[in-house]
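The two complexes that follow have subunit A in common; it is paired with subunit B in the first and with subunit C in the second.
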Partner chain A sequence: MIEEPFASGNSIIHRIDPRFRVAAAILYSFTVALCYQFQPLIVALAVALLSVIFSGVGLKTVFKRLIVVNGFILLFWIVLPLTYKGKILYSLGPVDIYLAGIVFAAKITLKSNAILLILISLIATMTFATLGHTLSRFKMPDKLVFLLMITYRYIFVIAQEYQKIIRSIKIRGFKPKTTLHTYKTFAYVVGMLLIKASERADRVYNAMRCRGFTGKYNSLSDFQINIQSFIFILIMTGFTIGIILLEIQYHG
Partner chain B sequence: MDNRQPIIKLSGINFSYSADSSVLNNLDFTFYDNKDRVGFMAPNGSGKTTLFHLIMGLLRPDSGTIEIFGKTMQTEKDFAQIRHRIGLLFQDADDQLFCPTVLEDVAFGPLNMGKSKKEAIDISRRTLNFLGLSDFENRITFKLSGGEKKLVSLATILSMEPEILLLDEPLTGLDTKTQSIIIDVLSKMNMSYIIISHDIEFLKTTTNRICSMKHGKIIVDDEVYVHHHDHAHTLGNVPHKHR
Partner chain C sequence: MHISEGILSGPVLFSGAALAAAGTAAGLKQLDYDRIAQTGILSAAFFVASLIHVPLGPTSVHLILNGVVGLLLGWGAFPAILVALLLQALFFQFGGLTTLGVNTVVMALPAVICYYLFSPFINKNQTIAIISAYACGFFCVFLSALLVGAALMFTEKNFFEISTMVVAAHLPVMIIEGFITMFCILFLKKVKPSMIVH
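Coming up: the complex of A and B.
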């Protein structure tokens, strides 16, 4: 189930206009993703960390999320030093460990964590609904925004349908094994879920038509631009430019 | 039926989902303005929900004519124009509620009808208030209980200020408290409605005629009268119930 643990709060970051937050997060993430030098990446991580602290979200929960992502990054640390050819740092019998691989893995780690932290502090601090409305203000196509919101709403309903099917196969003594019967049963579960989801979609669409839906989604939310929002976007733009300048300065 | 005007008139409707089984067979049905309150009680699969969907234009008959508010309905455009005047409450509230928050969902209909944000919010708040849901505005729709979902669904319909309600098993699966709220709301409203239900007591208190369906046709019972019989049998002095 999707929880929104960071969305409710009343920190400085929470009070900033969501449009400004989304804009700053996109700008910052792209900049960080395109950096190659250690200096700008370290600064980027520090700024992101600062942003998380200002957003007042539970550091323990943030840390838990970081662990999940860094679990994936660990794979890079295993694979890259062995495959990313360059200067050999150390040889273990037939296996060579390359310095360039380690450097590359370290950069990926810095980048990912910086981007993740900035997204947690700026984007995860708004509800899914607000994010959807913000994206539609940014002229993202109505259909995509709508798809995002409907997915968020019905993922729970589909999860419930899934639980129902799983329960019904369990009470009839089904235990998954490595057999054709098991594979077939899972195929049926997935197939049934698809049918149910499609029927549900038809019914939801019909209900929406009954309420006058013609494809245009009208949003209720009004965004308030305040002085803090302007100060915030100035500071964030400043940091972003700073990171770009650092990158240029240390580049080759 | 006295001098009331028909607002929904179905004549000679045939409908089938597949070639080998027909659901509605040359069905005629007339529904009037001014507090016509009809109950539909018939076995599952007899075509009650199909009938509602035909009235809303979600399904099209194979043959027959549908007249609503005095106009013959033919195209999607015809139906789109009358949909907001008829509120259909779906059997499953999860089909009806799709916005993240309650207020947004209730305001969805009014916004589609071209009302301004302020008007839509005002009318949504009034509707929620009317249903005793004034503190529900910012609740997340999918986290509501079954009964709450049903009441919010009703709010999403009522906020469009329809002239007629079509209620598809409005009490099914609800706790007694929510059931009595719905009965209370129906009695407070001054409008015509059609209810599909299996609950005869509910239909007796909320409607003034009850119809059944058989072989794809509507069987009309005239007005419903609650009545008593005198009768005698052995052990009649012991408290008992009749089925």
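Coming up: the complex of A and C.
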């Protein structure tokens, strides 16, 4: 039920130092999030698409993810043209359709997809463990990195526990319906899952102490800066600055 | 509950990130090393539990459970939810980097508020415990929906209708979360009372 479909691969992007990828993705995403003109947003989406192609991830999976996220955006397409006060584009009887609403919805769509594609191509192409190591190199608090790692480590274990519980309630003939009984059953499933997690945590912590855990999470992975990483960060910085300049040029 | 990328304005994104950082710092400070394994694995359990879809008439809704997170982790809710959201961003691309701060506040702040409001009553007699556990689940989702609405409103005045819709659409979720939180907390109280912080 939980997968990292983009994490493995051997594309140009996968070979770039994760620290450079995280830095570029953060810089790029925030820049795009703060743009409001069509020209920079279209460029931003094009760059993001290019980045996805270079990362060699399965386009079918990417497409599926895009559909889910654009489902949320659809709400804006339905509501904003009717409520975003401004110039009236068209009057359908008592209903006014506002041009500004359509424009805003279109901008949100461009922005959202551009940021999402950068996330997929630059960050989702590393495993969560690598992201944790990267964050620790960025001097994030040790405790937070440790929390990240331990959560990631046990998500798959807990998911198996969950499937075990679900299997056993199915064997007993449980069928989910909109009833209080269903909600009670799911609440007990959650409760049992939490108890199992908590008791496992005690055992894990004791085992860690037996092995001399001192509170420091040591990462043995070694990041290698190669020439591609430098070229990559140069190109991404170039695009980011280009988008900022476009935004300034077409502003107002 | 998520706000997608590309919707919120700069000031909202940055104040969300600042609040989330402050909350996470407070949460981490209270978390000593012998509690981290507990918090991490519970956070994993909440992540898995949030994938559960419960039926609601012809559709289904997924569990949020931030009320339970608050009662079990207190201030630890901030780092736990931050980690869970980061995992969701990486695994499913729900939410992402720029909205991470806002979304953390949307989920974790109500958890901490509900922890202060309701946890003193959970260990009282059965009737009070039932009512406060239900209220905890209900209000936590209600406050989260309000925060989503506020984030949208601060971005753009014209988002008023969409904000009201968000809050209204979560009403059935609040009712269900109330029941789930109530049954879940009563279950924990019976089976492993030490898990609920007081």
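Note that in this section the second predicted complex is superposed on the first by the 252 of 252 C-alpha atoms of A that agree within 3 Å, B and C clash if a C-alpha of one lies under 4 Å from a C-alpha of the other, contacts with A are read in each partner's own complex, and residues count from 1 in each chain.
By definition in this document, a residue touches a chain if its C-beta (ideal position, glycine included) is under 8 Å from a C-beta of that chain, and two chains touch if they have at least 3 such contacts.
Quick caveat, the model's predicted, so the values are computed rather than measured.
Chemist: Will subunit C clash with subunit B on subunit A after the two structures are superposed, or do they fit?
Modeler: Fit: subunit B and subunit C sit side by side once superposed on subunit A.
Chemist: I'd like to know which partner A:K184 touches here: subunit B for first, subunit C for second, both or neither.
Modeler: Only subunit C; A:K184 stays clear of subunit B.
Chemist: Determine, under the contact definition given at the top, whether A:L193 touches first (subunit B), second (subunit C), both, or neither.
Modeler: It touches subunit C, and subunit B stays clear.
Chemist: Once the structures are superposed on A, label A:I115 by its partner contacts, choosing first (subunit B), second (subunit C), both or neither.
Modeler: A:I115: touches subunit C, not subunit B.
Chemist: Using the touch definition from the top, say if A:F174 reaches subunit B (first), subunit C (second), both or neither.
Modeler: After superposition on chain A, A:F174 lies in contact with neither partner.
Chemist: Which holds for A:L220: it touches subunit B only (first), subunit C only (second), both, or neither?
Modeler: So A:L220 only meets subunit B here.
Chemist: If we overlay the two complexes on their shared chain A, which of subunit B and subunit C does A:T151 touch? Say first, second, both or neither.
Modeler: second
Chemist: Does subunit C touch more residues of subunit A than subunit B does, or is it the other way round?
Modeler: Larger number of subunit A residues touched: C.
Chemist: Please indicate which partner A:G212 is in contact with in the superposed arrangement: first for subunit B, second for subunit C, both, or neither.
Modeler: In the superposition, A:G212 touches subunit B alone.
Chemist: Considering only the touch criterion stated at the top, classify A:W77 as touching first (subunit B), second (subunit C), both, or neither.
Modeler: After superposition on chain A, A:W77 lies in contact with neither partner.
Chemist: In the superposed arrangement, which partner chain does A:F38 touch: subunit B (first), subunit C (second), both, or neither?
Modeler: neither
Chemist: In Å, how small is the closest CA gap from subunit B to subunit C once the two complexes are overlaid?
Modeler: For subunit B and subunit C in the superposition, the minimum C-alpha gap reads 10 Å.
Chemist: Residue overlap on subunit A between the subunit B contact set and the subunit C contact set?
Modeler: In the superposed arrangement, which is not itself an observed complex, subunit A uses residues 128, 149-150, 152-154, 157, 200, 204, 208, 213 for both subunit B and subunit C.
Chemist: Looking at the complex, which residues from subunit B come into contact with subunit A?
Modeler: So the residues of subunit B in touch with subunit A come to 53, 56, 58, 80, 83-84, 86-88, 90, 92, 94-96, 98-101, 103-104, 107-109, 111-113, 117, 120-121, 141-142, 156-157, 160.
Chemist: Going by the contact rule set out above, which residues of subunit A touch subunit C in the complex?
Modeler: Within the complex, subunit A touches subunit C at residues 1-4, 25-26, 29-30, 32-34, 65, 68-69, 72-73, 75-76, 79-80, 82-85, 100-101, 104, 107-116, 119-120, 123-124, 128, 131, 141, 143-144, 146-155, 157-159, 162, 176-178, 180, 182-184, 186-198, 200-202, 204-205, 208, 213, 215.
Chemist: What does subunit C use to touch subunit A in their complex?
Modeler: 2, 4-8, 10, 13, 24-25, 28, 31, 33-34, 36-49, 51-52, 54-57, 63, 65, 68, 72, 79-80, 82-84, 86-87, 89-94, 96-98, 156, 158, 160-162, 165, 176, 179-184, 187-188, 191-192, 195
Chemist: Within the complex, which stretch of subunit A touches subunit B?
Modeler: For this pair, the touching residues of subunit A are 127-129, 132, 149-150, 152-154, 156-157, 200, 203-204, 206-214, 218, 220, 222.
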